[in-house]
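This structure is in structure tokens; I'll ask about it shortly.
First chain written, first letter: the chains are A, B, C, D and E, and each begins at residue 1.
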């Protein structure tokens, strides 16, 4: 029986079958890879960071939570409108149409967060800012990008590397900065 | 894909990587960041990821504890106690904690609906304008004497508003009712105070400063009047004085959670509480020497002891303890008052306090102060008054019934026939937040906000200080609901005429401000020169209260002089067991729809998610009943079936059942779970008109079925079940 | 030496094979040019052959040492890479380390023993080799390489001593 | 003449009894083994198909359900967090000890009766360990992360915790699985070569054997390396075997639980493992002898007799260790331990405790002392089965029943098995399935070892007595 | 002051560090068994409910439970004091060393037992080894809205400071470490030390009888330290040498 199976496998039908099975497995794998390679959802508006930073707007103006608490926050539309209502181009520019529409309809933007840590990580911006880090240390140079991108693979090795470096020889600091309970709870 | 790949794809990989790790490592679809950016225009003071705290009032029971609710981006995420609030001083009970599961309950009434008395929650939604039109029409087109308002126990702003409206149009005053009030016999207690002190009021028991406390059935650690306040008082009594540990004795046929904390639990025969209190009085008077006051003269302690199933020595010892105490206090309550002679029990216990001379002293008995912005003490309706109300409904005297904050179809014993009476009311409009049994039997449900979404104020039931507890929305309404006060205001405005004249307010906040106006400039926790800043402070601090207690001292003379005709209570029914329903300490009367309250272990039995029948193991053994055997409790009113819990601390002739389960509606967590012991109760009243809920005898029948109760405790470890005796 | 031939003589028993080996040695066939192939482990002593050299024990020892080092790494180095305190125990407690060391040593030793057999026997080897399948049926074969000039003499001796067949060895697929 | 006749018949009798004295030409023996492999009846395929179905359903489907829904579908709870999963793990690891015991310890001590069934026993080691691995992975809440327990370098520099007995366990079981597989394979090479030589060209079996035989011819060098390696293995695998079950016992003994924290658990578990392992070997041998062709020649009553003796000794040793553990715990008088012992005997599962003693001690002692009885295959099969049931009970008592009792009486709760019963059945079916597959693919009898043994055995006459002598060939 | 366990290779020295950093005192004379702590804990820490069947089968997820036993026979029967049982945050925790994946570890910075959910593979060894039986295991996907549709809306109340756990993960009381971090962060941003009583755990905060006190056990003047020195103080199962950080005050 087994022998016949082997003979069949060697035969033409068997080869076709093997090819089909192989293709199936391959397509499954390809689908898996495809799933992890999905583009993030498009942002509601093609926000040019470089332009805004170039105009001299501080990061904390739109992301004020960074210096106060865990989340830097994404601006609500009223924040955008605060400046843009005084800019004539807002009324005409097709790029800014979503903003205008949202304002007139009273809807909000749902920004797509770019720099995310997994849910079981509790990240707090405030102490990082307080420790003298700048936004670009982690989020990259925003004068060079339009839509924000996350330049770092934000995984635990990356976090720890920096924590270890910054703790240096300070044992107490190292203990605190490498303590599991500092981020995971 | 050659040179361009680097950064952008890397980024994709990184994001996807985070997502993959999230799934792999166990934090998946339900996130801790659930849609927490609902703000269109975020308030200036709000930052992502940072909490905002709002002070408000707990609406889970009528005690009016102050809460501080932690919110984040427009979602309430944790309830904490308001540390300044005189009722609870920053503490909360389990029901208060679980209020969030009411707010975010999956079974709320999401829209105004034309319910048309269907069995299920109707899907026929209404426009709010149409709903207001319906209310307005109902007000306009009905003879005012045939309009009725039925409301919950809380003395809150809505009650004031509805009272004003009823007053102005000549409708009968709104009726307030709640199962808690019924099972605590509140009317009896206040009637006793009225009889002895000559004033309609609630007596105030200063538990905090007492050092020997004897309670006759008062379950003040569970649901009685203001459980958090009394628990605080109990803790102070026990450990507040470093030199002396407070001593606590409870007379009760069944060891309740409160009795379980007593140093002595004395199971007495139900119905003999007044006798025992009087006998104690006589023994105290004798121990002190001198004349025995009139109230206690005609009692014979020895007979009482045998009637109550006690030892005389116990009473003598207790009398001596009370004589030696610096601040003795005796409290009547609970099932002791819910008997045929409940009023006598309440009066004799108050008389005993008078004898102990603790009236107006620390650790003694006072008359509760009136709450701010209140002209007189309004007690909730007694069962007798409800029966009268039901009779009126049945006779066609009610054409339009507005129901808010109460669920009488579930809460009242079936024998009262509320459901049938409801059927004879042509138009029933419910303002229920949840699809409870009464709401389903209504023509329309115009859902009110959940308590945490509402404005308002509420008067504390029990407090040494006059307290007006403030409520404000901590979140924007989650569903298409509307404040009932606003509905009435809008309907009145729509109706015009005397209606509009009675309620000339733009919205409920304006109405509340009008009620608060009288407090402006008053000395209290805060003082504000004008109404706007007063309102702001009122919201910020969660209410207004005086700085100092303003308790009045009742006169002891009439209490001691009263002549009692001591007699044990009469019991109705043929069965051999005294039936003792009690309100579930964890569920309360309306907690059954909150899964976490269901999963809290009952303190004494540790049963979760169900109803049980408590029975003494000896009795059960004689009847051949074991744990988890389903028995039928039969009375003249009907029968219910529930599994047995062999409860070591209950008199052999008493069976007890918790009230709180047995819903047929009220959402997925409540419906079809457990049974309602109120179904067993017959219509019998005590002298004060309260339901004699503990005045029945019932039969117990085996059914041969079994239902394993979910218990937190181990049967093996706690009772040695499954182990042969060594 | 394109001429070089091998002869495979098959015996059915040990005694004639042993005699044959002795005779061959007298004929000038060096021990290194002979190989005995058998289906059961016939010892060198039975055939009067010099004992075989094997690297297996040395490799096992080396493997044990390597395993021990891996154990050392696991038990004493890795806990210091990310220091985590558990249950009030030291980071690198010795008693548990003994277990890790033992297991890793044994694993190293046994793997290298196994690999040693492969290494020493040149396994796996699927090239054509001198062999007759009857060997696994209990025959003993003597494979003579680097034949002396008087090849015929060798064949005669083998025949005389009871070889069942004396044939030019042909490499075949096993 | 009469004397002579008597002698002859005595010799014949000896030959009949003892495989080692009953030599057979090598070619014939090979043929018998190959024939046993190739003779397959429809019954075999029926059982095979049935088992395959059980494995697919009970093991893989049910496991999939459990992975997707969580361990809630099993019966584990607080405080019986481990349940049958660990019972089965310990049980299978116990079974796996028999192979090593027979082929290594008996090889070291040159117990000749071992020869025909070393392979059958070694197969049990490997397949048992596979089931143990299944059982231990099944019980993990998040099995898809089980690779975190492996010492793999990672960017966080966070390695497994070598303080944990489970980490030791993982190392030990991995070591044992790898080394027992290698130890199974090495002596198999010559037999694979034999199978290769006896398989006609052009079949897939030829390819299979040819590949696995690695080009083995049987040259002096090959034999020497093999013999050397086998010697090293035989000695080295014994401490590994002891360490494995000792470490498994430490999973329990290291815990701060009443009844578990016992210093004798190590040897007690090892003996227990041998007890169930020998029982399982006997069962396998009885089945093989009964169902496979030509096996009555190789596996004779003498083998059952010899194993029976071992079983009796091990049963005594087990009883000794059991009593030792019991009396120390009992005498200590710790409140919780006393409670536990009482629970064992008088709890609702008390019958299991008594059944364990009956199956593990009473029945072996009652039957195995008798040479005739222990030589009877069906009888010793039943005894072996009962011992295995008894040993399974023993583990059940140690894991879920002991877990019921802890220092928090408020949490004591009975354990009611759920889906893990299916999973356990699945592992059992998988074990048998693997064994059946192996019996058709590889020679179950190590022919060269049997031949080697027969070569060394001879009869010698001292005066009027004919005795068996064994010469040391190595 | 943090004690660096790195440097300490001896058990004696660890015992010295045993007083820990955060501690809790529970007055059993005051505890009324009212379950407010249980509810508060569940609300604060996103603890799932498990419904009737699982709850009755020893799978309830409470991080704190009130234990009570009966003493005596009727009528002299009494409840032997409600004992809230929660993770004792042992200084020498038996649960920690047995985890093969380092998922439950001792925080050297906070002197607490940590449960790192994302590292947990679910061997449940820690729960077995916990003498207090206070660890709870996610037997099912109790918080998955695909399994339980009602979670979709109930999830609105989830505390974003606490991870939502899924099936196969062990969990236990954390002494509300999210509150500890928050308070420390706030204090640090204001350039000061955390004051005693500035914050407390959810259970202590809710307890109507004030039976639970939480604070710095290593500050001798803190309320919790003073209470822990009470003559009524005892540690549960102290004989095991687990160095629990929760002190119970007996009745009487």
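Some observations on this one:
One rule holds for everything that comes next: a residue touches a chain if its C-beta (ideal position, glycine included) is under 8 Å from a C-beta of that chain, and two chains touch if they have at least 3 such contacts.
Remember, it's a predicted structure, so these values are computed and weren't measured experimentally.
Between chain C and chain D, the least number of touching-chain steps is 1. Distances between chain centres, each the mean of the C-alpha atoms, put C farthest from chain B. Centrality by C-alpha centroid: the chain sitting nearest the overall protein C-alpha mean is E. Counting C-beta pairs in contact across B-E and across A-B shows that the higher total falls to B-E. If each chain is reduced to the centroid of its CA atoms, chain B and chain C end up 88 Å from each other. Taking the mean of the C-alpha atoms as each chain's centre, chain D and chain E sit 44 Å apart. For the pair chain A and chain D, the distance between C-alpha centroids works out to 53 Å.
One simple way to say how far apart two chains are is to compare their mean CA positions; for chain A and chain E this gives 34 Å. Of all residues in chain B, those touching 2 or more other chains are 21, 25-27, 31-33, 49, 712-714, 718, listed in ascending order.
Counting only residues that touch two or more partner chains, chain D has 142, 145, 156-158, 161, 163, 167, 408-411, 413. Each of the following residues of chain C touches two or more other chains: 82-84, 86-87, 89. On the side of chain D, the complex with chain C involves touching residues 25-27, 30, 151, 156-159, 161-163, 167-168, 171-172, 174-175, 178-179, 182-183, 185-186, 190, 193-194, 196-198, 210-211, 213-229, 232-233, 236-237, 239-240, 243, 247, 448, 451-452, 455, 473-474.
Touching chain B in their complex are the following residues of chain E: 27, 29-30, 32-36, 38-40, 42-44, 46, 49-53, 55-58, 60, 62, 65-70, 73-75, 77-79, 82, 117-120, 143-146, 149-169, 202, 205-211, 252. The touching residues of chain E, counted against chain D in their complex, run 54, 57-59, 65, 67-69, 85, 94, 97-102, 119-125, 127-129, 131-133, 136-141, 167-170, 237, 240, 242. Considering their complex, residues 154-157, 203-205 of chain D touch chain A.
If you check the complex, the residues on chain A that touch chain D are 2-3, 6, 155-157, 160.
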